[in-house]
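Below you'll find a set of structures to go through.
Common to both upcoming complexes is subunit A, partnered first by subunit B, then by subunit C.
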Partner chain A sequence: MNIKKFFLIVILFALQSANAQMVSRETYLKEFEKRAAFVTSIYDTAQSVGYYQAAVRYARGKDLATADKMLIELLRDPRGDMFWMIPAIGTYLHGKDNMSPEARAAMRNAWKTYAPYRGDTENHWCMYHASLFLAAEQWPNLPGSEWYNGKSSEENLRDAKEYLIHWMNISTTIGQGEFDSPDYFPEYAMPMILLSQYAKDPEMRTRGTMMTDYIFADFAVEHLDGQYIGGFSRIYQPAVYKPLLSGASAFAYLYFGTGEPTNSGWTVLPALSNYRLPEIIYSIALDRSKTYIHQERKRVRNVIRFGTEKNPPVYKYSYITKDYGIGSLQGGILQPIQQHTWGVRYTYGRPYTTIFGLHPYWSGTEVGMFFPEEVKTLIADVVASKGTYNNPDKWTGGSPFERTFQHKNTLIVLYDIAPGTTTEHIDGFFPRNLEERIVEPSGWIACKAGDVYIGWYPLQEYEWKEESDVSINTLNDIGRPQLERVKETGNWRLRSHKPQNGYVIEVRSKDEIGSFAQFQAALNAHTPAATLQPGSVSVQYTTLGGDKMDFAFPEKRTLNGNAIDLSKTKLFEGPFINAEVGSEKMTMTYKNKKLVLDFKAVKIIE
Partner chain B sequence: MSVLNSRKHRLGARDNPTVGLFVSTDGGTTWNHKGWTGYIRIFYTEAGTDGNIWSACGNGVLRSTDGGNSWRITTGWQVTEVLKIKVDARAPGTAYAATAYGVFKTENGGETWQEHNRGFLKPFVSDIVIDKQQSARLLAATEDGVYLSSDGGTVWHRAGIDGRGVRTVAQHPTIKDLFFVGTEDDGVFISRDGGKNWTAANNGLKHLTVYSIACDRSNPDVLYLGTHGGGVYRSSDGGKSWQQKAEGLGNLVVHSIVMLPSNSSVVFAGTLNGGIFKSTDGGDHWNFNSQEEAQVWGLWAR
Partner chain C sequence: MAAIKKLAPVMFLALLMGIVFSAFRPAPQEKSEGKTYYAAVFLNRGHVTGGTQSNVGLFKRAAGDTVWTNIYRRNLLSFGLGIWEGKSGRRYYIAAGNGLHRSVDGTKSWRVLTDWHTEEILSVAPDPIDSSIIYVSTPFGVFKSIDEGRHWEKKMTGMKKWFVKKVVLDVNDRKKLFAVGEDDVFRSTDSGDHWEALHAGLSDVQSFAQDPASPNHFLAGGEENGIRLTLDGGKTWQTAQGVPKESFYAITISPDGRTAYAGGFKTGLWTSTDAGMSWKLLWKNPEIEAISTIFVHKNDPSHLMIGTSGQGIYESPDAGKTWRCDGLQGCQVRQIELYP
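Let's turn to the complex of A and B:
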């Protein structure tokens, strides 16, 4: 080995070590405290009336008279159901020692007189029961007449605990139902963090900590630069095309120190809490020195009709590098309304750090699978709160006519859209800040986003449409997103009107393939062959890496001649996190560290 | 009479006065709100012969023993999305909850509930009727046709209309073997043998989504349907033919329909998003009654 080569190896090793090197626990904790102080900083002086404004004042012992006044005013007319319960009990738990007797009495009275709706989905039930559990612990031995629901403290405690354990059991055996949701991550993190600190029942306190660790680990392994990577159960516009606007990204800032600083209300109670992320989890979140494949199995949330299985499996596949991640679900209706089946996300060019595609589908049957109201009026009900649901230009949602097949950083997506479907076109999102978006003679669309290159091969003719405006989220008075349209030109929509359709996606980084020109050349040397007839949609393709992928809609996936059996997918499988289906046990590994969450034994084993 | 409505209110929203249970004791002239003011997604309410009031809600089964002034959620977390609650007239401590997750039964006034789904291929049950002749005999409206149980819901058997979504089931008040069902897309079916055999009865019925059925106690041939898109239909010949009765109905999605027991020419129609309409001439003419823009999922009268 010559001296030059030796030094190069040393330098490369040093660089890799630097990438992988985690800060000390002490430094992390100090930095966390700074971020927590930033998150809460505007709330202790804000004059607008809100639970978080009161909670921060109480927790800091600052301006208590204002906190009392705010709380009493808020509790005069509680509204918001489980979205009230969490901030209300969180404010009480963080602040009761500094509350006036009048404020404490107002809080107690609210739990007697205001009947919150329990909700119709997993995040609702999780928030509802965690809050009720904590409230029942705070006010024990009260008869049913002292609670809004007519149940005694002990009955409420028992019922809430039973649900929470049930939810933990199914989540750790067949997967979370509202899984990997950039916008619903807070709805799980907040109640679990409150349990971890304030549950008096030692089992529930431990379970709260374990479940917080669990959902953070689930996020960490698919995290890149503040963004959630992969397919998602639920996401709102605009976080789907501006990933850092999601609630999960606010948590990434607070707990991983990534993304962008935010005072998001979602993170106020967590910032006040004593829960601290285990070192192994933020190490997994931050170390992108090695490229890896991570697979997961989740479950569809409860299918109440138009199906044969209550919780069909969801299969996830993610490929993550230091520069980008590409991830996918297998396709089909896996969640109502807000599914994100696949996407590429990268570290270049905030805020539009993504490319993805979809079939913008909606139907009464889809929502009727998950909601019990009348199928023929459900769409209007859904649109009342999820305004884009029946918009043919929407950027979220799954489709029964969409399927994917991913292998490493190559993805094939196929569509066989039945005649008469609400929309018979497919769309692709190309952000305005791409450095290049070149249509090659071969048909490939070669895109450059900094050092990340994305190739998109449409299987059918298409057109480009410039987006004249986009939806943005603002928050309503209980912190829920509401859509507004704003003028923001320059993003591009690829639209194809052919119902038998599809595309191939290739993603590479400069480190992986060299220059953009080399990427273009590689793409042009690899074009797919497709059959696109009603009832017979398939593609054969050899990836840039030389693997042969055969994919026939809907479920025939073959890699290098071997059939892919998705049903063998484990709950978690990858270099950092592993869990067997049915195990109730997650094992995290990072270098020489190991952390096991054993829900059967209710133990955290380091 | 009770009227209940829900859902115009959006989850987490601030204002909607037309949420919850409303009761009228003067034939629908005035209505008073009873019980919870929050959004609990109340689908249906009826009273037992012992005076207890039961509500089917998103939050489970609620029961009031003091005329609706205070309520208790009698069910646990397992019982959710309750679409109907039916109380046994002979044994008012026994009630059946029809839910998106199947049937749940109590035999002790709601102190405990048991799941009763044995036999269902698909457990989405939107309605139940307790046979007035035999309390243990039940018919259930499911996503997959009509099911029948002869043992108080312990075991269910297919009873017809297989594979079709059945939204509601009713028994004639005076002709005890006569049952009706309303379906999602296939109109009305009638059984004249206690639910064993069913025949389509859609002559004149142009709107085949039927959410509710009401029978005139004083005239056994008079029936009413609440439909999606067609408002109210009436039959004067026991279901052999139907006539649309929508004059004055400001909303044609009728989810609930009921007659005043004391005067069957007074009919109330509860609409989805249009509130309550009232007719005093057996459905020939309708006038808006109350609950503007409300989703009136259920109506019940005694």
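Let's turn to the complex of A and C:
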């Protein structure tokens, strides 16, 4: 090796290391403080009345008279259930030392007279019980007559603690039920961060910190450029096709420094808190110097009927590079209403940084699995709050007639849709800002998004529909994105009406395959063979990487002749995060660093 | 033996007539006439958990008045009601999405009796004698408390599926209970310790009624199953005639046992005067999506009220000949009761 070549290698290595090397802890913390200051910056001067406006004033010791006035006004007529409990107790905990006696009394009185509803989903219960726990600690030894639910401080404390420990146990043994939700990440992060700082019970304080670390690690390992990658339990429109609109992306900005700066209300209390992300977690979130496969096991939300198992398993597979990530769930109904079974997301072309597909299914049976009302009336009940549910053009939701098989950056999706199903078509989302969307003579649709190339091979005939109106982001009265129809043309919908159907997805980056022309050529040399008959839907395909995938709907997956057994999927498995099913223990690894969250021992081991 | 075979149809007919006639015997007079109507409201138009537009919870209207007033928690998704009355006073219960609520001071203050272990409480059945015994049904089975709600025990022995929409006490025997759920009608004869399936021939059972005047006469409705009935305490069941195989969410038999009413999803209100064997459509309003509950006045069986899935309460003073909207428009009303 000559000296010139040696130095070149050294320089390249150094560059790669520099790329992979995270900023120092000191620098990260300084940058975090700047971002936290930005997040809260508009709240301490805003004149609109709100808990966060009061909380920031109290925490900063600024304009306390206004904060008191706001708080007393807000507490005259509390509304919002657990979405009130979190900002209310958060404001109290961050501000009580600066509060007037009147404001403190108003807060105490609110927990006596306003009865928040407990809700019916995991995020509701998490917020409700964490808030109640913290409130019961703040006002101990009070009889039931001093609390909205007639229970004493001790009873509320015990009930809330039991639930929280139960939730942590089940999440760390068979996975979260409302897992990896870009839109519901804040509802878990906020209460856990509050516990980590303010729980007086040392065990619960430690547990709060551990669970915050846990959900951030879960996000970090499937994070790319401010976005959550993979299949999700719940996501709203339009965040499903404008990923940075999700609440998790606001947390990515604050804690990872990625995505786009935002003053999102979801991150105000976290920005005020003393919780700081361990170095290993943001390192995992940011280091994309090496491509990796990450697998997870989660659980289906409580199935109350039409099932044989309360919490069937969810299997996740994600392939993540520095330019893109592609991830999937195994398919089927794994969450009601807002499931995102698979998607490709990439770093190019904000805001439309994704391609995905679905069978836009809905049924009374689906929602009846998870909600106790009568099946026939349930759809109307659901549509009242999730307006897209029974819309055949919707972009979210799982289907019992959909299954996936992913190997690295190749994904096969198959459908065998029963006659008479609410929708008998499948859809694919292709953003308007793709540089190329070319239909090859071989049948492949070759797309170019900067240095990311996506191939989509439809197994049946289809049509293109230009989206003539799509939604913009507005918030409903609990801060959730809701659809507002406006003219915004340009995105493309691939629609196929054949009930026995499917497609093959190939994703490569420029670094992986070279030019777009080379990608096109590779696609054209690899076409799948499919059988598409009712009750017999299968595909045989050799990937661009040379692996042979055989997939027969619903569950027969074979890779290079070896059957895939999804039931062996671990709670977490990959280069960064590992956990066994049932273990209550997560191990994070990054270079020479290691962090273990041991929930059995309630210990963080570095 | 041959003679017995010949007589069998006659004996069966006699038995049947006896049951039917007994079903029509006059009901005993009520101890006291209620003065206030109570309604459990589960949802309203625009409701979302955490939102600001809730108008659910417990409502009441004085008899003779025309306005329903919310008396407990506009955000409490309420499935059902219960009452216990005895020497130690009166206890009101609300079966709600976040637990079982109880008031011992005439609905002025309430306590939540359940904890995080139970999800939605779908119905409540207090023991009529012993106030310490309470049964509730939930999406994960029947639960029983023997200490007035301090502790709860799951009672599912004999049930295969866990979703139990409703638990009710036998009209005569407080040790007997009925539960309806995803796969059948169940009966317990030992205060909930064991359950036997009655093989009603319905899946996803939605409604159940026991004839107050003839305790072996039951009616049950299922999702897209129409109505089934038994006159022999569940030994044999038959399909009701004249009624469509639709989803019947509410079935009631008048206190005097003379008339049965049933309604469900886009069915209208049906009625039967022959123990549920044959039915006719009594009233249909296209604006009503579904009937969730039916109330028949104890002392005036011609006074009917129905709770709907989103159109509030309708009332008829004349056994269904004429109807008027009684309020709570936009609300899903799950149970209506007249309490003292």
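Just so it is clear, the second predicted complex is superposed on the first by the 595 of 606 C-alpha atoms of A that agree within 3 Å, B and C clash if a C-alpha of one lies under 4 Å from a C-alpha of the other, contacts with A are read in each partner's own complex, and residues count from 1 in each chain.
Please note the rule applied: a residue touches a chain if its C-beta (ideal position, glycine included) is under 8 Å from a C-beta of that chain, and two chains touch if they have at least 3 such contacts.
It should be emphasised that the depicted structure is a prediction, and the values quoted were computed from it without experimental measurement.
Colleague: Subunit A superposed: clash or fit between subunit B and subunit C?
Modeller: Subunit B/subunit C on subunit A - steric clash.
Colleague: With both complexes overlaid on chain A, does A:D201 touch subunit B (first), subunit C (second), both or neither?
Modeller: Neither subunit B nor subunit C is touched by A:D201.
Colleague: Of the partners subunit B and subunit C, which touch A:H166 in the superposed model: first, second, both, neither?
Modeller: Both partners, subunit B and subunit C.
Colleague: Going by the contact rule set out at the top, does A:E580 touch subunit B (first), subunit C (second), both, or neither?
Modeller: After superposing on A, A:E580 lies clear of both subunit B and subunit C.
Colleague: Taking the superposition on A as described, I'd like to know which of subunit B and subunit C A:E146 touches: first, second, both or neither.
Modeller: Neither partner.
Colleague: Enumerate the residues of subunit A that count as touching subunit B in its complex and touching subunit C in the other.
Modeller: Subunit A residues touching both partners: 79-81, 83, 115-120, 125, 129, 144-145, 149-151, 159-160, 162-163, 166, 302, 304-306, 372-377, 380-381, 384-385, 476-478.
Colleague: In the complex formed with subunit A, which residues of subunit C make contact?
Modeller: On the subunit C side, the touching residues are 42-43, 45-53, 73, 75-77, 79, 97-99, 109-112, 115-116, 119-120, 122, 139-140, 161-163, 165, 181-182, 204, 206, 223, 247, 249, 264-266, 289-290, 292, 309-310, 332.
Colleague: Name, in rising order, each residue of subunit A that touches subunit B in their complex.
Modeller: Touch list, subunit A to subunit B: 79-81, 83, 114-120, 125, 129, 144-145, 148-151, 159-160, 162-163, 166, 302, 304-306, 308, 372-377, 380-381, 384-385, 476-478, 480.
Colleague: Which of the residues in subunit A end up touching subunit C in this complex?
Modeller: Touching subunit C from subunit A are residues 79-84, 115-120, 124-125, 129, 144-145, 149-151, 159-160, 162-163, 166, 302, 304-306, 310, 372-377, 380-381, 384-385, 476-478.
Colleague: Applying the document's contact rule, which stretches of subunit B touch subunit A when the two form their complex?
Modeller: 7, 10-14, 36-41, 58-60, 70-73, 76-77, 80-81, 83, 99-101, 122, 124, 126, 143, 165, 167, 184, 209, 211, 228-229, 253, 255, 272-273
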